[in-house]
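Presented sequentially are two complexes of chain A, the first with chain B as partner and the second with chain C.
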Partner chain A sequence: MSSTPTTTSRPWSPGLSWPKTALAALPMLLLTALMLLGGRPLPHDPLRLVPLLAVFVLSNVLFVLMLRTGKTDRFRAILFVTVAVCFVLSFIPNLLEVRGNIGLTGDDLVQGKTPFCHMVIPMTVIPAALTRTIIFPGSMLTGFAAIGSMLVLWLAATLALGRGFCSWGCFFGGLEDGLSRVRNRPLVKAIGKRWTYLPYAVLGTVVVISALTLTPTYCEWLCPFKSVTEFNALTNTRAVAQAVIFFSLFAGLVVVGPVVTRKRTQCGLFCPMGAFQGFTNKLNAFEVRVDRERCSDCGQCEKVCPTFSLDRESLAKGGTRVSCVKCGKCVDACPKGAAAFHIKGTALRPQARSARLLFLYPAFLFLTVFGSGMIQDGLYRVLLLVTTGSMIAH
Partner chain B sequence: MLPIGQLLGEGVVVGLAGGTGCLATCGPVLLPYLLAEEGRSRWASVLALGQLLLGRLVGYLAIGILAWLAGMTVLASPRWRAWLVGTAYLGVAILMVAYGFSPAAKGCAATPGAGILARVRTRWPKLLPAALGLLTGLNLCPPFVVAITRAADAGGLAGSLAFFSAFFVGTSVYLAPLPLLGWLRRPEAVRTTARLAAGVVGVYFAYLGLVNLIGGLLA
Partner chain C sequence: MAKLKSVLGTMWALTALPLLLVMFFGFTHWPKLLVAATGLEVSPWFTGGKVVASVDREGYAIRVHRPVFDALVGQRAKGFVQIDFVPPEGGSLPAVVEESVDVGGNPALAIRVRVDTATRTATLGASGTHVDGVEGVYGLARGLGVRVALRNPA
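Moving on to the complex of A and B:
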């Protein structure tokens, strides 16, 4: 395969020849080995060793396939979905070990034992800037998922990927990403464009109400992912009402919505964190662009985009909407090779292959390193279950 | 009866002291509306605020009359208060959800042949701020309860109404700058988002309304 994009109408693919693939994959091989071991010797416990090796092999095989075939989303999705499933498998047993229960009690809140998650970042940092109060009952620097370390991780991912965080970092997004691929054809095809603005409306409202009431409103009332992580112990009417809302939103936006629309409905139609993250796309150097000279306006990219980030208007302008999560699905699907990863300020076509590579290194590394702990622990819990009959280490 | 001058002065002071609470309640209600409507002139933004304020004034005066009629006996009852606020909030919620989540009305109400429903649909947002003002005006927040106590002590209908009118003036100071935001250039995306935000705020008020109604039942 030629490494220089042609100017004919023959579909262009960002795939590399085998020698170039080997060369480009080598740094990732070394980096993942370094990151996964972190200077420690290989564990002796087979229940820990097997997951570690599995993550190392899986991530590097996927990266090689990504480079060789030129397909991004196809292999990203495998790792992304695995991370999300393993996160759930790992999170709940972890809580049981650390805290002894899944339901949050009043004492847990007072003692700041609530693990912090990136979903509440906009509802935390904006009121924090305005009121100098961190409105989240978690610990700032110590313990499992402390606020400080989560903010640093999020900031790093945001600088490197913009809203790419939502398809290369968010450990919830993989659930709906996976479920959106269950059916081959969508049952519901038309969703009005106005609804794609709903996440911004939810963001604005939640930030204002959080700042006025000094409570993490989204976390307390609206997060669908509470259903698969933790929620208040069901000891009063309020907690029951909250749990009903969490499960309804989870069922609607994370399960049924993606299955019937083949879209990431929570990310594209509701998530305020995603809306907030969209603005960081403006600051980030990477984007997905459409080469108007190659584009035949077939609409394939618009059809497959899981976050409603391409429409006729954005296509005409040769770009995506601000909500693009840089998953690469449109790039994979474009029959003309017109959609491509791009570095802002550079020429579109001659640089497309290097732009993709430059994006893939931080994105894939982030997904692997951020997700490897979750995959390892998830696999470990499964192995523990198989060998001891319990997912909790005693 | 206390002298009217003293009641007016006290009403303004109590209003100024508690007005940030009014901004917290009426701001999220009025702002999405101001940002959502297309092609609003400066005067139309001011008019929307005027409507909201007028609605609030009517709500306040209604409470003023109630305070005079009932002394503190009815309004002092937590159950009655919770029901009044719960119902008012549910009213706000219904209006805002209907406004926020219904498609924006297109075309002109005066189009010949347009049915009465089409006309109402095109025009009703224009009266929305007044209705929202009235309903949020019935909100019995802490400064408002202080105001009711004082008005009930005023000892006459005129005194009660004077106190609430002054209270209204004091609180309105905080809402006056809001139309400035309505004057900003608003691209289609901002207008659509603001309209949907009205619906989301409506859902929040529905929650507050239900909490108050259930609280009233349990009181």
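Moving on to the complex of A and C:
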């Protein structure tokens, strides 16, 4: 690959030369150093120090490679998947330490000890607007994953990235993203377009039922990720039924679906948060566009898109559907360099490189800083397991 | 017009990074501001609602929450009231506590409750006409909370 890509008949690449890469990577290096340390001295405990340094080095190496090669998704995915895996490794031991169990009891619900996650947000909107209450058994400001903190993180990420949150922030999405890369070829190649509207149906249903019952319906009955976080203690038939649903959906949509289709099936075919987040793409400055003059209609972008966000219709219009998660997979895969990150309102081609950079800085910083706590704690748990035989700190 | 759109788009894109930096650097501040500005709180269906009466007894205290009938709009026909039994700091609750609780001065919601703190069970004595039964006994950070199911007298 040329180190200084130019606009010739060769495929356009957003990669930078080494000097420009070094210059462009420097702000990220400083920002991540500042944010990961947060004004604190380096920890003395090697079990804490090693994960901190690992996150710092990993994230900056990946960012440099992103800049230099011009490939986005390839390196984003490494960090994104790492965040998701470490989230699971961190979350359950944390609950065991804080609460003593992973099964949610009535005591936990009444005491507001349930960590809040972004998946609840669409269900909270109508009750919050009409009753000024959040229909979730968590804490507004105190404890692990307090509601106020998660709302602020989501709000800022949404304004900055739109549905890019789903590829640069969602700590569940990486599980599917990773599993969708296990096979080289999909076993199931075609999924009817009508199925891609299912998330909107799920969104509408859970929003209405949640508003009427004032309970987070999706969390209670449909969230596949309860399988790797927490769910009601199995003390009655209802809780058992809920657990069966959670594990079935997890197996189908998060494990089997991505493996056989090479798509993020939960995100693209079921997730109501994803559907909700899609609307925020309309408010966001960044999008992925396809230059019709360069496009050869090879269909490669449509084939690799993990969330069914590209089809003939959208390509004819030179863009993606509203469900685009801005992962950059189509941009990486396009043999003609026709797909590119774009800033709304600007010309398509001349600004493509700067548009990509303007998107990458906030997106990558969010993924690194938001995910760093999870990666650090996940790695810490692994080191703890290796050195003490337990993932729980005593 | 195209130029204006381009400038506005670029300006909007340029704000993304500073927005996240401001969010991260002020992260201890923004959640508090958000909660204070919106007045949002956790639904009383989970917290039990605000404590409206407090009575100190020898060896423990009772905190009576407001009855919860909240609906999305208006009130529901069925709800509950939470009564907390709180031991003194560092102490524990008596093995059995029995109390008559006045809920909002409404005789239809008057509750006579007996709590076995060791087994964490509660039974109702002669209570008001709109008292349906014990919904559950829950461990609190300090003490026990008893939720009693009610029918809305309104």
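Criterion: the second predicted complex is superposed on the first by the 384 of 394 C-alpha atoms of A that agree within 3 Å, B and C clash if a C-alpha of one lies under 4 Å from a C-alpha of the other, contacts with A are read in each partner's own complex, and residues count from 1 in each chain.
As a working rule, contacts are C-beta pairs under 8 Å (C-beta built on N, C-alpha and C of every residue); 3 or more make two chains touch, one makes a residue touch a chain.
Everything numeric here is computed off the predicted structure, so don't read it as measured data.
Superposition of the two structures on chain A leaves chain B and chain C fitting side by side, clash-free.
Vectors from the Cα centre of chain A to those of chain B and chain C enclose 60° in the overlay, to the nearest 10.
When the two complexes are overlaid on their common chain A, residue A:173 makes contact with neither chain B nor chain C. The partner that reaches more residues of chain A, of the two candidates chain B and chain C, is C. Touch criterion not met for A:371: it reaches neither chain B nor chain C. Within the superposed three-chain model, A:200 lies in touch with chain B and out of touch with chain C [touch as defined at top]. When the two structures are aligned on the shared chain, A:209 is found in touch with chain B, with no touch to chain C. Looking at the shared chain after the overlay, A:268 reaches neither chain B nor chain C.
In the superposed pair of complexes, A:361 makes contact with chain C only, with no contact to chain B.
The overlay of the two complexes leaves chain B and chain C separated by a minimum Cα distance of 9 Å.
Within chain A, the residues touched by chain B in the first complex and by chain C in the second are 212. The part of chain B that touches chain A in the complex is made up of residues 24, 27-28, 100, 103, 189, 192-197, 199-201, 204, 207, 214. Of all the residues in chain A, the ones that touch chain C in their complex are 31, 35, 106-107, 109-112, 126-128, 130-141, 146-149, 151-153, 155-157, 159-161, 211-212, 214-215, 285-286, 343-347, 351, 355, 358-359, 361-362, 365-366, 369. The part of chain A that touches chain B in the complex is made up of residues 192, 194-195, 197-198, 200-202, 204-205, 208-209, 212, 221, 237.
Looking at the complex, you find that chain C touches chain A at residues 2, 5-10, 12-14, 16-17, 19-21, 23-24, 27, 30-32, 34-35, 38-48, 70-73, 82, 136, 138-141, 145.
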